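What follows is a group of structures, each given as structure tokens.
Heads up, the next two complexes both have chain A, just with different partners, chain B and then chain C.
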Partner chain A sequence: MVLDLDACIESLFQRQLLAESVIKEICEKTKELLMSESNVVHIKAPVTVVGDIHGQFYDLLEIFKIGGYCPDTNYLFLGDYVDRGLYSVETISILTCLKLRYPDRVQLVRGNHESRAVTSTYGFYTECMKKYGTSDVWHYFTDLFDYLTLSVVIDNMIFCVHGGLSPSIHTIDQIKVIDRFKEIPHEGPMADLVWSDPDPGREEFAVSPRGAGYTFGSMVVEKFLHENRMDHILRAHQLCMEGFQVLFDDQLSTVWSAPNYCYRCGNLASILEIGVEGERHFNVFEAAPENERPTPAEAQRTLFSNGVPTGLFSNGGSNGAGVGGGGLNGSNGAMTFAGGASGSNGGIDPVQDTIHYFL
Partner chain B sequence: MSDGINHHREGLTTSHHDWTMLQVGKLVENQPIVIIDANSSVEDASEVLLKQGVSSAPIYDSGRKMFVGMFDYSDLMTYILLVLKKMEVPLDDQTMEMRDLIQKTNRSQNVPVKLVSDLSGNDPFCTVLAETKLGGVVNDFGSGIHRVAVMDSQGNMTGVLTQSLTLDYLMRHLSEFPQLQPVMQKGLQQLGLTNIKVLSVTGETQVLEALITMSTHGVSSLAVVNDQGALLGNISMADVQHIMKDLRTSWLWLSCFQFVSKVRLTRGVETGEDQYPVLDVNAKSTFGYTLSKLQATKVHRLWVINDTNHVVGVVSLTDVFKVLGGYIDS
Partner chain C sequence: MMHDEPQVARDDVIKGTDDDAIISKLSAVNLGYLDDSFVKHFVKRPSRRPPLINRGSYIRTRSLDAFTEQFIKSNIPPEPTAATTTTTPHTSAIIQSSSTPTTKTTAISPIPAAGIKKQIVSLGCGSDTRYFKFKAKGLSALKYFEIDFPESTAKKAVVIKKNKAFTDIIGDPDLKLGMGGTELYSNDYCLLSGDLREFTESIVPKLKAHGFDTSLPTLFLSECVLIYIQPGDSDAIVNWVGTNMDASLFVVYEQINPADAFGAMMLRNLKARRIELPGIHAYPSLKSQEERFTSRGWQAAGAVNMNKLHESLSEQELKRISSLEIFDEVEEWQLLADHYCVAWAYQAKPQQSETYRAQLIQLLSNSVSS
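Up next, the complex of A and B:
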């Protein structure tokens, strides 16, 4: 088929889903592109760095409004595109299209949520089932995730990764030899890069309370930067109420780009704008205004870009559950959950709706 | 070293103790005391556990001026099963309190927690004096007692010493106990903690069914596996707290897979950090690494998996103390 990427991107900006066959095609083509990327991609400033998005599509639109649209602005996304938010499918679809369309201006790093094990229970799998009726789209994207790079270096000075450092990795060269084309393992350097967290109260590594990766302290950071002749580590992975956090005497920053996380945390978000001279500026923003978001009812009504409705209102394969309720659409042996306390249409509790929407 | 243990160099003033000689009173120093009133309802008592972030608390009867037992998630689970009439206890085995409880639940009356105290029979109320040496308590921990109430010589409770608290203390002061180094270096296989048949349920199993299985077999958690037998997650009695929260009893009828999802989603938002979907440790790991992970993640057991993600064993806190207890005499 002839792929019109600009048309796809345009549809997605209107929050219209791409047809399953189109998703399959763009994932195939993007895998080919990513296959030749190293585990450590080197880029130059200026670039705008984005942290966790977690399916908050309307806030991604805010990011483009604030930071500029592709290809006018170079973007580096640090992972966690899916799960938890209501629009993981739209989010990952548009980012994949943008990467395919402007491969040198968009970099996508793998986060801990770009994983089959995690997306099975944190929302993305269920959202795919709901919007497409089968798990094929989930398979296309999770296969694509296996190809995403693990890290990016900006101007040979700033090391960018989703989570953090690993006791098995002392130099950039050690990252390059990892075989990344697989599901994120439970343990080992690849797991550590996407799961680790800094701990300003420590100097060394310690086992992480998350159950994967490590926490690492000041001496680890200093040693890594010194050994690799760089001056800053930039990562995401942890919620920051102010949208960002700077640690270890400005040797490490966390950037977090999902405002009002899960539609209830009330936090700010930010994007990090790195200028040509390497100047770092955190551009802080709030959640997109309420009147620019769909109502819960509208959120359920998704359309394919050819106008065919999907999800609850599609013709085939739908479970016919009412608005606000949740039903598993044939995944895992058809356990339909009757929505408990939040089955009513009147209750606008985005969190309850979110949780029940997905289960 | 990447075994997760902080290998500090010893300072000149580090003192070396025999960890078995620690007085238990020292480990519970300054512990905030959480006590449940014997006449509060089961729902209120669960609230206390939830709010205080503990998995058990002693029950005090102000009328009789004494502690009458412990309330923990195991008891709560047994209570829920009784209320739902999912448990049949033969008349001969019913104690007077249990009969009272069953009658009350049959009539759907508000049940005072004193009737639910130690209901599961799993963890009877044990007390020790503050001067008791840790070495003595470790054997109790190794045989399945999860906690002991520490009393002073006047009979006042000074704190509750749990398996978790003890592990945390030992790991934080590891450099003071060089005699523990050899066992830390041992592999799980060497210690016989792999190659154990563990109880599991599929993701499809209803939560209620899983609770009944736990209760029947006297275990506090089950591995949740997919249809290929690979580890998906974990369901444990402590998860019962999520059901009691806001009385979300409808969650009992979810599949374990859905339930595990819900619990994860809520927890991640509260801490701003998502946890790894399964809490496990590779069969090739060392005992020391396993303890570090138990301490860091604050769970009560880690499933032991092989390279294909199949469960080949489990290391619970009880197993940890069984191992440590075995080293005391050698």
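Up next, the complex of A and C:
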């Protein structure tokens, strides 16, 4: 099958899903591409850095409107593409296509949500099942996630990662030797890089309230920057009401790119535009206007009826109706929990179908 | 806000909040946060909620359970045997004591384990299972009253009557339905139908007709209930309780902080589901929740938000619930938890015996210490 990436990208911009067979091929090809990427990818400015998106596809479209389209603008995405929002599938589909189409203009870093265990709880698995009828697409993407790089360095000066620092990692070289091609472990350096958070009230590492990774303080930041001869750490992972946060005397920034997160938080979002001289500018934006976005109810319309996917873009080949499937793969021993998707808790029900409160 | 919708339609939405709440509670139960074998009987289609909702359902239930348990267990401490004190007939009638009530100057006999008789009133109970859960553990008050709209109580009565799990707990062979199946009466549990907006006119007489005694220390529970009615109507309930009850403890769980970004979005999102929170602007903060009572002469009041309740979990308990499922929503959780509070207040009217009043206040105060 000849893959027409431009056509795929165009149809995704039109909010059309890709056929399952197309996704399978795109994921295969992107894995090949990513395989040769180091755990630390070096790029040059100018580049626009994007934080957590969490399936908020309409806000991703807004980001392209504000920041410019590929390949005119170079993009670095810091992970957490899926879960929580209603359009994780569309979001990761378009980002994967863009990476494959413009490999040197688009960088995709792995976030803690690019994980089988996390996506089983926070919506991506459920969304795949709902939109494709089987778990195959979830498998293709979560296998792809194993290949995403862990960090990026811009102009040898800015260290970019999804979460933060690790007590086991003092130098960039230590990151390079990690075997990243697997499910995110429950602990260790790879887990720390995607789960940790800065704590401006502290100097050293401490136990994280998230149950994975650590919190790290000012001394840790200074030491890491000094040791690696860099001047800034850029990360995402934490909700910022103003869209971004700058800490430790401008040695660390958080960029958060999901406005009105989960349709509930009422927050602003931002993208960080890094200019050719390394100058940093946070471009702050609000959630996309209501009338450009279908309501959660509309978004829940099933795209799968009578065993045949509807409204899908097919590039020839199979009709995308997967074979077998259903059920979760074991999570490779990482992040297992006592509960799990209990049968007595009813069938598949998207965690994002209603904006939940306590009533 | 324009009331375009007829009241009936808006009431349906309010009743619907129970469906949402009970599904959330069952989600928390099924994952191991809470222990409750009764909830499942009220849910036709279970649904797993996101982790932060499960955590909040857990904290909400646990907090109100703690108040209820402490209230049931609190007793008037026995007088030191050396002292001589007057017991009034009033006092001795209340205290279950094997000794004969007397008006002579004598020492009060030690309070037996059965303790002082109390009542619990659950306003807008919905499908709440607290009475059953507690009685199954051997904890009960003299009488537990539940009140809600007839459509809601009718559904509840059906579930109770047809499930041995429930009738065994009630344990009263004379268990009766009434009011066209919208009410249920037994020895220590009474399910009554009514409109809380007509509390004084129609609910109070009903309570009294079924053995409600204003002289008994009583716990009033409002778990996301008063917020749905106009402040004038909820004030009327608080006023009535404060004026007519000898000793009462009022516990409220509901939303606060409508004005910040999260709160404003919450009101917008709820409005899209046709849910309004008329009470939130009247009592939008922890302080105003306390003043809700203290301004009406209640002895003491307090209010904390859900973050505070979460912080006061023991390390062991926090570890236990953290192991039940992944929880990657710390910031969002804190935002959400900032917008819910538990508020409490108690009052005891002047009694013939000042000592007794002090004892009642002590009992109530013990109920809220945590």
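As a working rule, the second predicted complex is superposed on the first by the 298 of 359 C-alpha atoms of A that agree within 3 Å, B and C clash if a C-alpha of one lies under 4 Å from a C-alpha of the other, contacts with A are read in each partner's own complex, and residues count from 1 in each chain.
Simple rule for what comes next: a residue touches a chain if its C-beta (ideal position, glycine included) is under 8 Å from a C-beta of that chain, and two chains touch if they have at least 3 such contacts.
Just so it is clear, the model here is predicted, and its values are computed rather than measured.
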item: First, second, both or neither for A:112, with chain B first and chain C second; value: both
item: Partner chain in contact with A:235 - chain B first, chain C second, else both or neither; value: neither
item: Which superposed partner A:209 touches (first chain B, second chain C, both, neither); value: both
item: Partner chain(s) touched by A:162 [first = chain B, second = chain C, both, neither]; value: neither
item: Chain B versus chain C as contact partner of A:122, first or second or both or neither; value: both
item: Which superposed partner A:266 touches (first chain B, second chain C, both, neither); value: second
item: Shared chain A contacts, counted only where both chain B and chain C touch the same residue; value: 112-113, 117-118, 121-122, 209-211, 238-239, 261-262, 264-265, 335, 337-338, 341, 351, 355, 358-359
item: Chain A-touching residues of chain B, taken from the complex the two chains share; value: 1-2, 4, 6, 203-204, 232-233, 246, 248, 250-251, 254-255, 257-258, 260-262, 264-266, 268-269, 272-280, 282, 289, 292-293, 295-298, 305, 309
item: In the complex, chain A residues that touch chain C; value: 112-113, 117-118, 121-122, 209-211, 238-239, 241, 260-267, 295, 335, 337-339, 341-342, 344-346, 349, 351-352, 354-359
item: For the chain C and chain A complex, residues of the former touching the latter; value: 17, 20-21, 24, 27, 30-32, 40, 45-51, 53, 56-57, 60, 224, 255, 260-266, 269-270, 272-273, 275, 322-328, 330-332, 335-336, 340
item: Chain A residues touching chain B - in the complex, by the definition given at the top; value: 84, 112-113, 117-118, 120-123, 167-168, 186-187, 195, 197, 204-212, 214, 237-239, 261-262, 264-265, 328, 332-333, 335, 337-338, 340-341, 351, 355, 358-359
